[in-house]
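Note sheet for the following structure.
For reference, chains read A, B, C, D and E in written order, and residue numbers begin at 1 within each chain.
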Amino acid sequence: MWTVVACLLPLLFVSVFIFGIQTLIITAVSVASCLLVEVASQKALGRKVTVADGSAVITGLLIAYVIPPGVPYLLPVLGAVMAIYIGKHLLGGLGYNIFNPALLARAFLLATFPVAMTSSWLPPLRGMSIFSRLGRPLDAISTATPLAVLKTQGMAAVSQQFGEVPKIYSTFFLGLRPGAIGETSGLLIVLAGLYLMCRKYITWHIPVSVLTAIALLTWIFGGPDYFGGDPLLAILSGGALLGAFFMANDYVTCPTGKIAQLIYGTGIGALTVLIRLKGGYPEGICYAILLMNPLSSVLDDWFKPRRFAPPLGGVK
Amino acid sequence: MATDKTSLQLVTNGILNENPIFRLVLSMCPAVGISTTVMNGFMLGVAVLFVQVFSSCTISLFKNVIHPRIRIPTYTLTIATWVTVIDMVLAAYMPVAYAKMGIFIKLIVAFAIITMRLEMFACKESVTASFWDGVGMGLGFMFGMMSLGLVRELLGQGTILGHDVLGFKPLLFFVLPFAGFFCVGLMMAFFNYIELAYRRAKRA
Amino acid sequence: MTALLTFPKGGVHPPAAKELTASLAIEVMPVPDELEIILGQHIGAPCTPTVAAKDEVKEGQVIGEVVKGLGVPLHAPVSGIVKGLGQSAHPMRVSVPSLLLATNHEAAPASYARRDWRQFGKDELLKMVHGAGIIGIGGAGFPSHVKLNPPPDNPVDTLIINGAECEPYITADHRQMLEASAEIVEGAQIILKILGIENCWIGIENNKPDAIAAMGKAARESSGPGRITVAPLKVKYPQGSEKQLIQALTGRKVPAFALPSAVGVVVHNVGTTKAIHDAVALGKPLYEKVLTVSGRGIARPANLLVKVGTRVSDLVAYLGGVKPELAKVVMGGPMMGFAVSTLEVPVTKTTSSVLFLTEDEIDATPHSPCIRCGWCIEACPMGLEPKEVAIHVEAGRAQDTAKFGVFECFECGCCAYVCPAKRPLVQFIRLAKMKAKKLG
Amino acid sequence: MIAPNYRRILLLLLCGLFLPMAARAAGLAAKASFKGTNEIVLSLANPADAKVLGDPAHYRVSEEQNPDISLPVAQALVSADRSTVTLSFKEPLNTRLTHLVTLNQGATKKGQAPETFRVSKSYLGYLLSILVSALLINNFVFTKYLGLCVFFGTSKRKDTAKGMGITFTIVMVVSAIMSWFFYQYILKPYQLGFLQVVIFIGLVSLTVQAVDTVLRKVNPTLFKAFGVYLVLVIANCVIIAVPLMLADNEYNFLESLMLALGAGGGFLLALYLMSSARERMDLANIPPTFKGVPIAFIVAGQFALAFLGFSGLKLF
Amino acid sequence: MKDILTIIFRLTVACLLAGAVMGGAFVLTNQAKRHNAELNERKVMLSLLGYSSVKSAPASLKLHPIYRYLITAKGGEEIGYLLPGGAGEAGMTLVIIDLDGKFVGQRPVALSPEVAKEETKRAAAIQTALGGDGKARYADQTIVVTEGGQRLAYLLPGRFPGFKTFITAMLALNQDFSIRGLEIMESEEDPGLGGEIVQKYFKNQFKAKTLETMRKLGVVKTPLPDEYRRALEADGGAGSGGLSAEQVAKIEAEYSGKDIYALTGATISSRSVTEGVKAMVQKFVYRLGLLDQALKEQKIAVPF
């Protein structure tokens, strides 16, 4: 698990340069509270304390990566309680949670602090010092994410604010745009994902099916006409990459069979596009993954591994 | 067969030992859906109390005339009648509260708790006993709803019965509709915890 | 040669670690002073001793017979005096009855003369195999004469000689194929004759090119019945498992709970084939065993020819003792073998190796909860779900595990090998089998 | 025995996610349709004079409900083959309402009656949106909090959940249709609205009794499998809530059918997902105070959090 | 057989009893229900006009509802306005105007304004008045408020799509069509987000916007200025929020020409309400203009 942590860390360092030291603080708060809640819940429930396995650190990092970097510090703390205690330990601890803890925390925070969670985005620093934002009131600097702009104002506003196609691709790919830490640098996420794939920690099935479904469906339905959407932009904007490589792939909450994984990934992609295009939120991958999570055990049940050979006379 | 319990025992039984919400786990829909304030809990509690008491008394009164083969339809008819009456009364005299509770008043008709009490208790017992049992069950439901409402209103809005108590809003989460699931789950666990602790203390 | 043959699903690639002993010729270990011969060497009923304490026995003499049920006789590995019945430590069970034999070092070793086996009929050959106490010495310990006499309703058309030797460290079969290739080929021909068929495959993993060459040469040079083909196999564990080997070579799948004969195949290990050759062509019963002693915890790794009943402690003494880094002694391969707690365990007919592993070679990190990564499902060659079995066992619901096919599991250990949480999945499965059997 | 059917149901569900989009595509073939929020495309049966067609003054566009208020056409663009005209408007149209477009060629072509086009989103799509809404967006269990007693009572095992869900859906559809007829043809005309509750619950009991009798005679095996759930169906709030909603919203027959199907299917879906989650939780080490129903509530809350992803979803 | 007969008999009796109980309750409560609903509606209307329990409405204040009907006649669709007055003291008048705004005709309707509140009776009376000349469909209702015979304000109930479902609102306009007040009656917006449209600081922003401002009213996403927020929350009630009534009036006047400040995180809801209100006002002004013109030209006497 520490490998995954290591893969996630570069993203944090880059985000410090893009958004300022604020991101580091919020991540630290999130990770620390996750560790604390993990220890506390394991103590309270009389279980062995296993913070060293790194799973709480991953959850902490992911919570910080999916919330706006400008939120009050209380939010990641409450998110940690939801993710670690309610989402994981009450259900039996590591390996028994049904939903991805970090995303559960995000959904919870989004419902509980709708304003902070939808408006505390920071614009890239563009040459300012990374400390320059400390202590400044947030609403003076907050801005909107590309997907939110797209949802409320349309593609023209996105181009105006973030640049024209194709320059916008490179801007997004490098992460120079407002967004959660984990949404920023597509480049680093892809690199980390490919590394994990090479090390065989993850397989290609889920990321590829998620991204393919998102790209394909956005291409078909996402534009003013059919087959007029911009698939590349859909993948680069929002948390699609982080979700596909690091969240949908969460071992505990994804199916194990390969066919099941492909269906699961496609489902996530389809729901993401559905929520993005028709839903009430600008970004849908968080909820798409949460919605597919409970299906993973069902899918595994339906697509059981093929037995070597059934016993003669059939299975009883 | 007549119960040997006193009226007080019947009432406390409904509130504590056989609390419809936390013990029997019946009638959960309103407990999740509209337990956001104490007032809501109280209003629906009153409605259920009336329906329960009236139905219990009616069935108990007519228990000798009810043909056993049409027992359940008769119960349903009785409950539906009283629910309709309560529904109309509330709609007429308390339109604001009625609007808040929406469809739930009419749904009392499908509350398992009421049918269950008729089947288990009222069809065998005297009118008085049924009355007290109905009161107990209704109060138990009201108590459950109100305690849930208290927690959710206090933690969600910082108020009790609409009066500002805390002066700030601790956590919007608790008044959100879906939080009802968490609140009910946590409160049940809380009561379980108390019971376990109580039993442990008793044994020690 | 385009693609090497293998089985399609599952399997793992543990480090082979065969270089420790692969180049060492089989050496004959001097007979120790005392032997402990376990009476139940094979699957089926244990033998009843036919000798009493203080009796003098000759090398090759029958000392135990199976009175009732399935089994083969037991022979004295050396000449000596029976000291009596005892209890022996056993790698799998706690303790088992055994015969203690004090070696008479002065007695001359038994000598066997070559005879022309081609003159015998099927029934006579089968009787010889049975009488020589031959069992599947690759590990299963299944009496060979039963395998050689398949039920008539399943006509057998193919013989497979298993030289895959997929377990890490072990090189016993490898060395035998190099040093006794002609005998093995001849043994295969004997089996073909018994079965009355022509077609024989010898499957060898591709990491033993010298063995493939030697066997190929022997097969070409041999005169006599049958079409013997040497097939190089892809290196993948558990290639040497019967069902996987059959699938790799013939594409047939042996149904669960059925014998290979159900798909018209008989499989014998190279060691067993050699033993059948010895029994039929020389009349020599099975009381010796080639085994690999390896691992970085022993002073001198070696391939040894030892008498059945030799204690592991004697092996250690002969090979110069253990190193201080020793962490775990395993009988059998590292994947499927059993850790032993004492060195006073005797070698049986089915012992293929004794491994002395150091900390580096085993992973002793404690196991953590299952995170459902599904790697075990990927690795399982039988298409089972080890994680579900383990989770059910942990939750005290072992009786429900039959639906996950625990009884189809042959405990190859692939799942435990790949498990990132280091969960002892094989142990969980064994527990599940035990409890499910008891309750079902 | 019935497992493969469930796989099909899931596939249907997944298809259901895409069908609305397909239905929208079908709408393109209609005579007049919205394009975006600012344009209406008309397809003409017989090509007319491009000059007439290109003049905004020849069009009168209004919402069907407000025929007196004509919406000014900014521009009328005629395609090269004169078979389609694209009308564009300055102000965005309320595309949820049906619009009327009247093309008056009378000025140049004597004797030609004004041609009227009705522009609306496809009715099929509307029906589908009712279905999907009841199934997912406003799932009765997770977003309307109805039917919970039975939901928690029968979601312990997958088989039970399936049985309950299917029985429930059948009874739901039958009783909802009967209720609709009763309401439309008896209660409403005779002003007996206050008898709603009694009549509806009576119809439900009747349906249950009928299903019971028919099943017992026709398919005893099926009766054995589903019979036990029939009684529980009556104690389910959803079964009475749906007729009440039908009455409140004045749905027509098809819409009622869709709502009933959606409600039943949604209940089945919720039960099935929950049961697979609870079967998984059976194996977990859950704190003793939470064992049983409390933890089921917590998990249901997590489901509800995930289902928040559908909030604000507008298919059409 | 006897058994079944008993069952049937008893069930029938039970049903009759139940029916009697329910029927009785219905008769007893229905009147009260309608009365209470009316009271409630009137209370909302009055509070929108600026009256409360403290500052009660003068006796000369009168509410005159105008019911609008869509009439499908032979020559196409027409709009009918059911007005009090016109034909006689107790009766009402149906003024019919065609789609282009030209006066078509008027019909006397034998209906008292009190009875007209009941939808079914009203529909029947209109159908009678129309005879075979068309079929009327109820569209909506607006209320003209007069004080001592002078027009004071207009009340417009309306319904428009919000973020999730429909929002029901009531709008009060001054005589010059500037906005007097907005009340959100029903909405199902997200709590904490779009649900905030019911808050004073949002809905009071519409106050005092003139017709001109309304025509091009937009939504801005800049945060609501603090003093404006305090003024909005004080809502004319002097003293609260540390602002005097004059200060509140001054601040409100200052911002009256500006766009609506969107709720944080709920731009869609804010925009829905703004667009909805805009559409309501524009449609009403257009229709009232035509109606007034018709009334004037035809010299139809109405109480407003």
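A few points about this structure:
By definition in this document, contacts are C-beta pairs under 8 Å (C-beta built on N, C-alpha and C of every residue); 3 or more make two chains touch, one makes a residue touch a chain.
It should be emphasised that the depicted structure is a prediction, and the values quoted were computed from it without experimental measurement.
The minimal number of chain-to-chain contact steps leading from subunit C to subunit E is 2. Any chain that touches subunit D and also touches subunit E is listed here: A, B.
Innermost chain of the displayed assembly, by C-alpha centre distance to the whole-protein C-alpha centre, is A.
Put simply, the chain farthest from subunit B by mean CA position is C. The most distant chain from subunit A is C, comparing centres defined as mean Cα coordinates. Interface comparison, A-B against A-D: more C-beta pairs in contact at A-D.
A separation of 38 Å divides the Cα centre of subunit B from that of subunit E.
Subunit B and subunit D have centres, each the mean of its CA atoms, that are 32 Å apart.
Subunit A and subunit E have centres, each the mean of its CA atoms, that are 46 Å apart. Computed centre separation for the pair subunit B/subunit C is 70 angstrom, with centres defined by C-alpha atoms.
The residues of subunit A that reach two or more other chains are 86, 93, 96, 108, 111-114, 280, listed in rising order.
Counting partner chains per residue, subunit D shows two or more touched chains at residues 194-195, 198, 283-285, 287, 290, 295, 298, 305, 307-308, 311-312. Touching two or more other chains at once are residues 73, 77, 80-81, 84, 88, 172, 176-178, 182 of subunit B.
In this structure, the chains touch in the following pairs: A-B, A-C, A-D, A-E, B-D, B-E, C-D, D-E. The touching residues of subunit A, counted against subunit E in their complex, run 112-115, 117-119, 139, 144, 152, 280. Subunit A contributes residues 78, 86, 108, 111-114 to its touches with subunit B in the complex.
The touching residues of subunit D, counted against subunit C in their complex, run 282-285. For subunit E in complex with subunit B, the residues that touch the partner chain are 3, 6-7, 10-11, 14-15, 18, 21-22, 25-26, 29-30, 32-33, 36-37, 40, 191-192. Listed in rising order, the residues of subunit B touching subunit E in the complex are 65-67, 69-70, 73-74, 77-78, 80-81, 84-85, 88-89, 91-93, 95-96, 172, 175-177.
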